[in-house]
Amino acid sequence: MDTFLTNGRSVLLAYDQGLEHGPSMDFTDRNVDPSFIMETAVKGGFNGVILQKGLAERYYDGNVPLIVKLNGRSSLPKGEPLSRQVCSVEYAVSLGAKAVGYTIYLGSSFESEMFAEFGRIQEQAHERGLPAIAWVYPRGAAVQNDTSKEIVAYAARAALELGADAAKIKYTGDSQSFSWAVKSAGKMPVFMSGGPKAPDDATFLAHVAGAIKAGATGLAVGRNVWQNPDPLAMAKALRSLVIEATPQ
Amino acid sequence: MDTFLTNGRSVLLAYDQGLEHGPSMDFTDRNVDPSFIMETAVKGGFNGVILQKGLAERYYDGNVPLIVKLNGRSSLPKGEPLSRQVCSVEYAVSLGAKAVGYTIYLGSSFESEMFAEFGRIQEQAHERGLPAIAWVYPRGAAVQNDTSKEIVAYAARAALELGADAAKIKYTGDSQSFSWAVKSAGKMPVFMSGGPKAPDDATFLAHVAGAIKAGATGLAVGRNVWQNPDPLAMAKALRSLVIEATPQ
Amino acid sequence: MDTFLTNGRSVLLAYDQGLEHGPSMDFTDRNVDPSFIMETAVKGGFNGVILQKGLAERYYDGNVPLIVKLNGRSSLPKGEPLSRQVCSVEYAVSLGAKAVGYTIYLGSSFESEMFAEFGRIQEQAHERGLPAIAWVYPRGAAVQNDTSKEIVAYAARAALELGADAAKIKYTGDSQSFSWAVKSAGKMPVFMSGGPKAPDDATFLAHVAGAIKAGATGLAVGRNVWQNPDPLAMAKALRSLVIEATPQ
Amino acid sequence: MDTFLTNGRSVLLAYDQGLEHGPSMDFTDRNVDPSFIMETAVKGGFNGVILQKGLAERYYDGNVPLIVKLNGRSSLPKGEPLSRQVCSVEYAVSLGAKAVGYTIYLGSSFESEMFAEFGRIQEQAHERGLPAIAWVYPRGAAVQNDTSKEIVAYAARAALELGADAAKIKYTGDSQSFSWAVKSAGKMPVFMSGGPKAPDDATFLAHVAGAIKAGATGLAVGRNVWQNPDPLAMAKALRSLVIEATPQ
Amino acid sequence: MDTFLTNGRSVLLAYDQGLEHGPSMDFTDRNVDPSFIMETAVKGGFNGVILQKGLAERYYDGNVPLIVKLNGRSSLPKGEPLSRQVCSVEYAVSLGAKAVGYTIYLGSSFESEMFAEFGRIQEQAHERGLPAIAWVYPRGAAVQNDTSKEIVAYAARAALELGADAAKIKYTGDSQSFSWAVKSAGKMPVFMSGGPKAPDDATFLAHVAGAIKAGATGLAVGRNVWQNPDPLAMAKALRSLVIEATPQ
């Protein structure tokens, strides 16, 4: 994961929402354009950018380390969530990826299929010297509250046990409960998931500060940056908070 | 996709309806004959013809660039739509294909299976230097209106994210809403799906004009050409509108 | 398909009913014995014999061209029909097959699985220079009437589109409606399925005559031959009607 | 199958009940020990012993020809029966197997999966010169009476059609009806399944005699031997009846 | 299994609960840390430590023989239990594993899938000279009481039949009934599963003594060690009871 760290910390720019939520849910005329995001990634000094293969293939220019998401789904199908591999590790490497990402819906009735697929991907990635990052999102009829202390810690721990090189998990809402997730993750770096646009910047930055205080390595953020009227200002605030500040 | 472009635009002739809808739904004594369609493709100056492997194997004569559809289904089974691969990329190449096509039913409960299969096909096609074109049709119990601005844009974006070299999507009904789909598709060319025979030629041509005005690269049209009493006249009108006219 | 044609026509002897229907449904002490069928195939001058791998392995003697059925099912399971591959193309070749057969239940909720499997088989067969013949039987809850003009034509067309070298389909009941199926099949030869024993020979021969008049290449017949008190007489009548008569 | 025949007849000792039914259902302190069964197989002069891979690996000593069962299931799961491959042909050979066995639940809604798996196994076995024996047991909601004349004959015929080198099927209850199953099996040897312990030896031997009279090659027997107070006496009686007696 | 035995006996330290139950169910600030467990394993003189691949990759130091669990699931999904392979045998070996473990939920409606997967793993492990240990847990709607004499013996026997080199099974509650499971396991070593933390040490040690008296080779214990206020004292007690004591 060193490629993606500055002072042992990291702010990653996520931009797979076009597939996961659809353009009409999250995008404007400005941020619907992947070029705008690539530009933001570079100018904002992000430690990495996260793209599906299609965006990487057409827009990635090598100016910021690339993480290719290997699976994805639309938000349309009802029922238990399943996200299957749509890009091979080999193909991701050919696109310039320095790491691969994969989403596991912990608790889904299709959990076992994603566990097995991530298991193969993790090994293929390690054979090529790439980190395999797990997005672990508890979801499905069996999951009541996907940001409880217990379930977020479970997500972190599952990633550790399955051999992920880092986990992206939701924030619990406060630093103390999140620190249990970080502890459950052991030596594995934890990234806070940025999530939907917060009502205001201060709220979001307080969450980030809480995650960092709890021991998170950083965050993977999308909407709270590129839906921000001033993405670069937010990027600067995040860099300052995550990378430059002395952890409290 | 250059093989299929003239002045950066394209009119493709689609003829996979025999499998998708059955001959009794769409065909007459004249257009049930694939030779008639091949003749129309050449005389009509189409930029490409789209066939299932069986028709390509028996009727394709090399006089117009070939796109082989790699999956298909009949219209008979009830329940959530699933269309599986029936032709390998390698086999399509052996039949003379210069591109391959694949249908994804976005929102189907089998979406993940088609995502995964297209993911593999896209990589195999690119290994051989062939474009992989995605037909993205939102369908299934989760989809209320498959021509809304939002859902059509989602279809376009999904194709971009999954690495398609072009997408064939439905028309939204007006140019302005369709332009959001084109924008969501980024650098990826968008083809309007011709759809069922329009009540009259003027209506159809107005839709095409709307799509082109919105930024579409062209269209893939079947029934509105070969169900037309004068297919070559319609072909000429389309060429004129799509390729020769200055975009408005 | 030339191996199986005389004057461009063909009468094939089918004998896979032991698996499809069970011996108690269709067989007597005489025709339960595959040796009797092999003898009938040779003496009756059939253009080919259709067997499952097990019968081919134990009884086939090389005296008539062999078609090995690659999939099969029993009649016992309820629910939507699925017939999976039980013999590889390579194994069929090792048994002496000059063509392979595969049943597709068009309209079944498992249609996609059979489409995909036939897709692979068709390519493997063609690699070895063997025709792949599709039995296309519309069946399942979605199919109301499996001998309507529309559904039989759909079956024929699906076979053509999927790259079959010939299709075996049910007779519609009259020559005129069957001719639409033949037309829908284009250049692909169509074989009428013999079906269950007709009430009398004249009825059956009238059906065959109707199919031939409609343009069928021939028929694949089982029960109407080997359930006949005089199989060789029936064989002779069929040869006369299908192969020796001048098409009307 | 010659390895397993004496005078063209055969008595096989089956001992896979530990997996199929569990030890508490069928075993005592004596016969729970596989060493006891191996000893019985040798001393009893059986033509072969049938074991799962685990027993073969730990107990098989080479003193009697070995048949390794390649699939298995416990009796616990409810619903339609499915038994999947747990041992490869290659591995069975490495354990000393001279034949492989596989159970097909004819009529199960998973029938197609077992048909397909047996299809692959049969070919792999034949590549290595091994017979593939099919246990064909009609079972599942679609099967009313698994020992009727019709259903037992169907089981035998299915094995023949699928290329089995021998079939193990249930006894119908009388010799005349069982002879239809033997006839339906054609040239393929038929083994009567011993089934649960009969109320007394005479009843069981009468069934065996009936099967032999009907043309069976022999039987595969487990519980009626090793649940017998004197297994070797029963073995002797079976040898006498099956192998040494002149068929009536 | 010799690597894991002392005087033919064995006490293994299990630590896969982070994945199976989640950190909040079983862990404290102390034992959530895999380093603490590794230290306990070494200082406690355990014969082996059982880890998922992720923990092995980050924490294993080679000071105690390693068993890598090859499958796993979270406790969240409802419905019939299924645990799929998440680590290859080859990868486990690369992490230093001297044996591999796999959980089979006997009686689950997914039993057949786990049987088949374990079947492949067992062969791959043996090719590399590694033991394959089966955790056999009867579970699912079909299982009423997973610690009855009959069901525990079934679990042991299933492992033997499937070729496991050892089985980890639940304790029945008393030595006499557990001895039937040991007997059913034949020559295959049986490990008692430690299970949840017993109300007091004496109760747990009495269970262990009962298992050993019944003929168990040892136990695989987690929570009763690392949830104990003094894990090393418990380890010492177990070593004394299992390894150093003369079996009664």
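Order as written gives the chain letters A, B, C, D and E; numbering starts at 1 within each chain.
To be clear about the criterion, a residue touches a chain if its C-beta (ideal position, glycine included) is under 8 Å from a C-beta of that chain, and two chains touch if they have at least 3 such contacts.
Quick caveat: nothing in here was measured; it's all calculated off a predicted structure.
Asker: Stepping chain to touching chain, what's the minimum from chain B to chain E?
Answerer: 2
Asker: Angle of the rotation mapping chain C onto its copy chain E, from a C-alpha fit, rounded to a multiple of 5 degrees, please.
Answerer: Between chain C and chain E the superposing rotation measures out at 145 degrees.
Asker: How many Å are there between the centre of chain D and the centre of chain E, using C-alpha atoms for each centre?
Answerer: 34
Asker: Roughly how many whole angstrom separate the Cα centroids of chain A and chain C?
Answerer: Roughly 56 Å separates the two chain centres.
Asker: For chain D, give me the residues that contact two or more of the other chains.
Answerer: Touching at least two other chains: none.
Asker: Ring order from chain A, via chain B next?
Answerer: Ring order, starting at chain A and heading to chain B first: A, B, C, D, E.
Asker: Considering only the defined contacts, which chain E positions touch chain D in the complex?
Answerer: Residue list for chain E touching chain D: 106-109, 111-113, 115-116, 118-120, 122-123, 138, 140-143, 149-151, 153-154, 156-164, 180, 183-184, 186-188.
Asker: Considering only the defined contacts, which chain B positions touch chain C in the complex?
Answerer: 16, 18-19, 22-24, 27, 29, 32-34, 52-55, 57-59, 72-74, 76-79, 82-88, 91
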